[in-house]
Amino acid sequence: MLLVLTLFAFLLAACNSESGEDPGAEEDPGTEEQEENNEQEEEEEETEQEGPVEGGSIVGAMDTAPAGVFNPIFYSEAYEANILDFTHEALVSQNNSLEFIPSLAHDWEINEDQTEITLFLEEGVKWHDGEDFTADDVVFTYKSIASPGYTEAGGIRTEYVTPLKGYEAFNAGETEEFEGVTAVDDYTVKFTFAEPNVNPLYYVGFPIIPEHVFADVAIADMPTHEATLNPGKVIGTGPFAFTDMVEREQYVLTRNEDYWKGKPYLEQITWKVVDQSVITSLLETGEIDFVADPNGVPAADYEMVAGYENVEMIEQTDFGYQLMGFKLNYRTKEDVESGAINPDNWEENPDVADQKVRQAIAYAIDRPGLVEGLLYGRGSVINAPIAQQFWAYTEDVPQYEHSTEEAEALLDEAGYVDTNDDGFRENPDGEEWVLELAYPTGNKIRERSAPVIQENLEAVGIKVNLQQPKEMSAYINDIMTKDTNNGVDLYLLGWSLGSGDPDPSGLWNIEAAYNISRWNNPESDELIFKALEAPDAFDQEFRKKTYQEWQELFATDLPAVLLYAQNKIYAFNKRLNGIEPLPYSMINDPHLWWVDDAQ
Amino acid sequence: MAAIEEKQVIQTDQESIVKIEDLKKYFPIKGGILKRTVGHVKAVDGVTFDIRKGETLGIVGESGSGKSTLGRMILRLLEPTDGEILFQDHDITHLRNKHMRPFRKDMQIIFQDPFASLNTKMSVEQLIEEPLLVQTKLSKKERKEKVKELLEKVGLRASDRLKYPHEFSGGQRQRISIARALAINPKLVIADEAVSALDVSIQAQVLNLMSDLQDEFGLTYLFISHDLSVVKHISDRVGVMYLGRLAEIAPKKNIYEDPLHPYTQALLSSIPDTDVDRERDSVHLDGDLPSPSNPPSGCAFRTRCPMAHERCAEERPELQEVKDGHYVACHLYDE
Amino acid sequence: MSNEPVLQVKDLKTYFYLDDNQVARAVDDVDLTVRAGETVALVGESGSGKSITSLSIMQLINKPGKIVDGEISLLGRNLLDLSDKQMTKVRGNDVAMIFQEPMTALNPVYTVGNQIIEVLRKHKKMSKKQARLRAVELLKLVGFPRAEETIDEYPHQLSGGMRQRAMIAIAISCDPKLLIADEPTTALDVTIQAQILDLMSKMKEQLNMGLLLITHDLGVVAEYADRVLVMYGGQIVETSPKYDLFKGPKHPYTQGLLESLPSVHKELNRLGTIRGTVPPAHKFPTGCRFSSRCPHVMEQCLEKNPDLIDIEPERSVRCYLYTGDEGAKHGGDRRETSHSN
Amino acid sequence: MYKYIIRRILVFIPMLFALSIIVFALAKAAPGDPFTTMLDPNVDRQVYEDRKEALGLNDPVPVQYARWIGKAVQGDFGESIVYNGRPVMDLISARFWNTIYLGLVALFFTIIVAIPIGIYSARNPYSLLDYAATGFGFIGLAIPNFFFGLLAIYFLSIQFGWFPAQGTVSGNEVSGLKEFLDRLHHMFLPGITLGLASTATYMRYMRSEVLDVLGSDYIRTAKAKGMADRNVLYKHTLRNALIPIITLMGFEFGVLVGGAVITERVFNYPGLGTLFLDAIINRDYPIVMALTLILVYSY
């Protein structure tokens, strides 16, 4: 298998060099300058064109077909989001600084104790089928998510409604009215929270679905309803409507002539599903105009794609990171069976229990090396588990710059020394000390990082056993669901983070299911909850300070070593203009996209 | 001539080594949707005879007469459908493998195709040693000695033992088969068309070898062949089979000089002979062998028999002793 | 009955060029003559070259075999001068052949009739209807009682003997002048063998064909042949009218062969044998090819292969035992004499 | 023939039944469930637990099997978990014909390439072209499907632009004959990719079958009858040589459909293969079960 992969890589390399050389080969040695002139002329021509032109169509590529649920309240994956981002809108959206900005709501008011937010909706907004968009649609959307049977039908977005007032009663079916969301009038809607909320705008930012389409559809039938599945039937307010598809192959979006922000320039945007290995070639031939989320252009292909004359690239930091976690504690078998997450019952894992050991490991791993070697430099080393784009992120934490000396010193200090001269350190009791590193298959870069980490750690005398990589499902089962004392000390995993709020509680509070390290540090919980507590937390500066404290605690106690944050690499054909990517998506105001060669 | 008669006299005094009683083997024919048995090929259909110690009993018959099936049943390579097999007065008809083992040692078989019946991956030494390993407690050295001795006995060189079957000619391979069969001093050797695939000059060598070995080791042969000349040459008594039944069994002399069954007569007249002075029988049998799955009623031979009469269709003739030691199954000799 | 030669083979050499540059001289200097209405038996053990001889006459030798020299005259025409296309007009028409294995010699996917009709249409240019009628006639002639039905049956529906009858029907369908039968009954039971040989004899008489009967069975030879050619090691070692051969075989090989044969009508205590085995065709001894097995081997036998010399009218033998005065005498007045039977 | 078919079916039912138990047990034995890999820190883990409970995934395996088989015998293979409750049969039937068509194209390609070359090789053994065909055969068997697929895409699609690289159809705009030709055009590359290995195999089969038949007694008979070479080849040889080949091809179709997984992936061809692969990765048991049974049946 390795051989085959190598061959494969070789082929790609061969193809690259060939396609790279082709134009060069035709070139006369003396014409380079001339070409530059030509380019300049072209650029001049471009600048001569006065602003955007209407018309034309473009093709985008994604490497996996969407599952096909084109309904914001039921979709679950990034591929479906690629369609929905064009077709549906929320009351608010975010700008480049991740601040909330008006969208379907042009203004809002928040009360003093942040329990109520009243939003004033745009008037004259029409659904794709011509009906008016009103506050009732907003209420309907949130009621649907809160309604009994929503999760049973496969919905997972309850986080948007659980903090709202009256959710429990409504969800239990005790009342027809949902206190949490009410229409004040046709164009005013009020959200009421059960408790003061530090970030209410986040909760009102859910895409809205049309009441008139789904009013008579039982929530259980919604996921398989034609208005969820079929082109022409999926109705939103967005600049483009989903009009046609060849399932699993192509998905056609046609412009919404009556779009409330103005008629989009492009007539049509077609998403094609194209195998990852072919995408870059098709970019070069111009068959594909852009590649965006979720995978973009692989880092390994960056240089090659950058060499395409017709392609422009955007590189920006991803909302996420890869980590190597320490299994600090294990659950008991009983707890695993009952599904309980009870820190009082946890068993400590002595192999990584010593903070100094964890710090030594952080020093030992050559993270810049990983970024260079595996990401071709298309990424960065981060030290705290909050996305760098957030106001809450800080660099002011222990950095653990790669240093075998520091690592060795810390290990010596902790009593982990090589007592039997086998080249590996024994634990303070003089027993053999082997760290078991588990990792999943799937993400090739992550797979390749495992042996590098092993090498880094063995360089400072830590014996690491690389476990056989498992397929994701089995792996997650091992480290998260059945995380008893099953011989895993270190694990590799990556997280993508939302752009709405920096709150890390879902991943790192003690009782969070996703706290896979089973990090049991009460100080951490204290800080995490302090940052969410009203009314102090209404002040972003207060939250920022608290999160910075927490990040420092995290980086010191180290439940996980953050390995790297990979860059997102988008690419698009130069004929496409008006691309203004957001930190979390390339799809921003697509009604303003236009092409040079429109008729 | 005289010598042969002498031998016959000796035999009549001798006890049987094998007795088979009304032995039957039916092979089911599967058919229809559920692969149910829709009929039977009566390969062997009630055969009774004995083989006497030290004699060679020849069994002749055309293809489909059941002669090979018979041989294999005696060795219990095939499970009899009905009847009884006594080997040295022990009923071995239904013995399970474990209990069969001591008897296996006493019976060996030589097949027609010496190439197909020898494992090509084994050297001659391994081939001959194998039965010694299974059936005797000889030491390794003793076994090697025995192999050399056997090879020389069957007319091969002791140095041949390290070669593989494909390095030998057909006749030599048949010699290897014989050596292998003799390795554990069997009492009974069943030769199933053992010389049929060989050229005449080689066939003669092997036949002579078999006679010599019989004298030397006091072997009993059941010699199954379609070739009447060969059977005549080597046998003391001869049984003639037709469609799974024994038509006639008698001392060789009787069979060849005074055949009683019309089938035996026809068979003998069909054989081309090298005696160019002898007068030709111009009477040859008509027609084909009927299918063993649907044999004619009564006497199986009646459809081709020039002497057939009404009774032959109605009643199956039983084997009866017509002269001393001469048995025939034909209504012509009733009463 | 005409006595003119139908087939005359002279100095036929068919060699096989093996992978390792060895040459197997499978047929080497074979002369033979078959006259109309005559049955000539070609006898020999496996590896003697008798089948290669017959296939050479048909020019059905496949690579790596090749006819390297000689002359094959059929009705005065040298077949070796014919083109491939001309040869297809001879095969099945002027000369027909029957093979050993009736089980496999017929194409399993076509009916018996189809396989006869095919020949008639090719050589006799008959219409389908004519050919079918003729095929039924032929099947009746070779002894199919239900010929009208048999014609539409497939080979697997017939017994071995019946298939060989069908093969005979195919062979005689175009009234060939020469019929070559290569071990036609070896695979058959004795009672069936007699039927088939009788049938072939009858057909030979009726059609006044020459019959070249290739067999290893001396009994068959004794009963059905007129003249006998004994082959050993790719060469003819003895030729003789049948009676003389069985009464007084000359060549030590023929003698050995006859002695090693068990007989139904004779009582032998012990069979005569020929020591050793037939050497493979690329390893024939220098000198006489039988020298490695011959009980009378002499010094000169090892040096040079003896020629086939006439010792009596109609009899010749390839052996130094007969090159003395007697041999010289007879050898001197050798000529092609007509044979009457 | 119909007897044979009925018998096959009768034998098949208990086999299928036994197989369904094995497949079900295996599917359940694999660690994880459809929700294991759904890791969204914004979604309470309890939501997934509730869904599992609702879908009955926490019931004892025999209970789950009984429920599944009870519906399956009525032709209801349940609903996909990952595709949010869409009926499995809908998902399968949408892709079923794509895979069948692809298999047919591959088979057609196999036939038109393998048989003539096989015949040529057999008639001219050890000729230059025979050696070339042997070489091609080895390469065809040795090259992994996805690798050949990528080569084909790179050269025939991207470099020369002769064939589309991905998908089954250009779009929904065309119809009728145009659509048919468009689909054929799209199926060309995946078809030859899928057919490559079997083409190589069948070339060798065909060669040895023809050689066998050419060496058989009845061919000698035909030649002895004076049949011309062409007649011997076309009438007497091919019919016999093709019988085993055609029998094998019947099975090959099942193999092709089964082998379509990788090819479909590379060409992003929406057939059963891609569906199967995705379903396995996502632990979408209802799809895995239904597809396994269908694939087994097609063998």
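Each chain carries a letter (A, B, C and D) given by its place in the written order, and its residues are counted from 1.
Quick note on the criterion: contacts are C-beta pairs under 8 Å (C-beta built on N, C-alpha and C of every residue); 3 or more make two chains touch, one makes a residue touch a chain.
From a predicted model like this one, the values you see are computed outputs, not experimental measurements.
*Asks:* Select, from C-D and A-D, the pair of chains that is joined by more C-beta pairs in contact.
*Replies:* Per the contact counts, A-D leads.
*Asks:* Starting from the Cα centroid of chain A, hunt down the chain whose centroid lies farthest away.
*Replies:* Between chain A and the rest, the longest centre separation is with C.
*Asks:* Rounded to the nearest whole Å, what is the centre-to-centre distance of chain C and chain D, using the mean of the C-alpha atoms as each centre?
*Replies:* Chain centroid spacing, chain C to chain D, equals 55 Å.
*Asks:* Any idea how many Å lie between the Cα centroids of chain A and chain D?
*Replies:* 36
*Asks:* Centre to centre, by mean C-alpha position, how many angstrom separate chain A and chain B?
*Replies:* 85
*Asks:* From the C-alpha centre of chain B to that of chain D, how far is it in Å?
*Replies:* The separation of the two C-alpha centroids amounts to 54 Å.
*Asks:* Please list all residues of chain B that touch 2 or more other chains.
*Replies:* Not one residue in chain B touches at least two other chains.
*Asks:* Per the contact definition, I'd like the list of chain D residues that touch chain A in the complex.
*Replies:* 30-33, 36-45, 47-51, 54, 82-87, 94-95, 144, 147, 150-151, 153-154, 158, 161, 165-169, 171-172, 265-268, 270, 274, 281-283
*Asks:* What does chain C use to touch chain D in their complex?
*Replies:* Counting only chain C, the residues touching chain D are 58, 60, 84-85, 88-93, 96-97, 99, 101, 104-110, 115, 118-119, 122-123, 167, 170.
*Asks:* For the complex, give me every residue of chain B touching chain C.
*Replies:* Answer in residue numbers: 1, 3-4, 62-63, 169, 171-172, 199-205, 207-208, 211, 226, 228-230, 232-234, 256, 266-276, 278, 280, 284-286, 288-289.
*Asks:* Sort out for me which residues of chain D touch chain C in the complex.
*Replies:* 216-218, 220-229, 235-236, 239-240, 243
*Asks:* Can you list the chain A residues touching chain D in their complex?
*Replies:* Of all residues in chain A, those touching chain D are 4, 7-8, 11, 15, 65, 67-69, 74, 76, 151-154, 156-159, 223-224, 229, 244-250, 252, 270, 272-275, 277-278, 281-282, 284-285, 339, 470-474, 476-478, 480-481, 495, 497-498, 506-507, 512-514.
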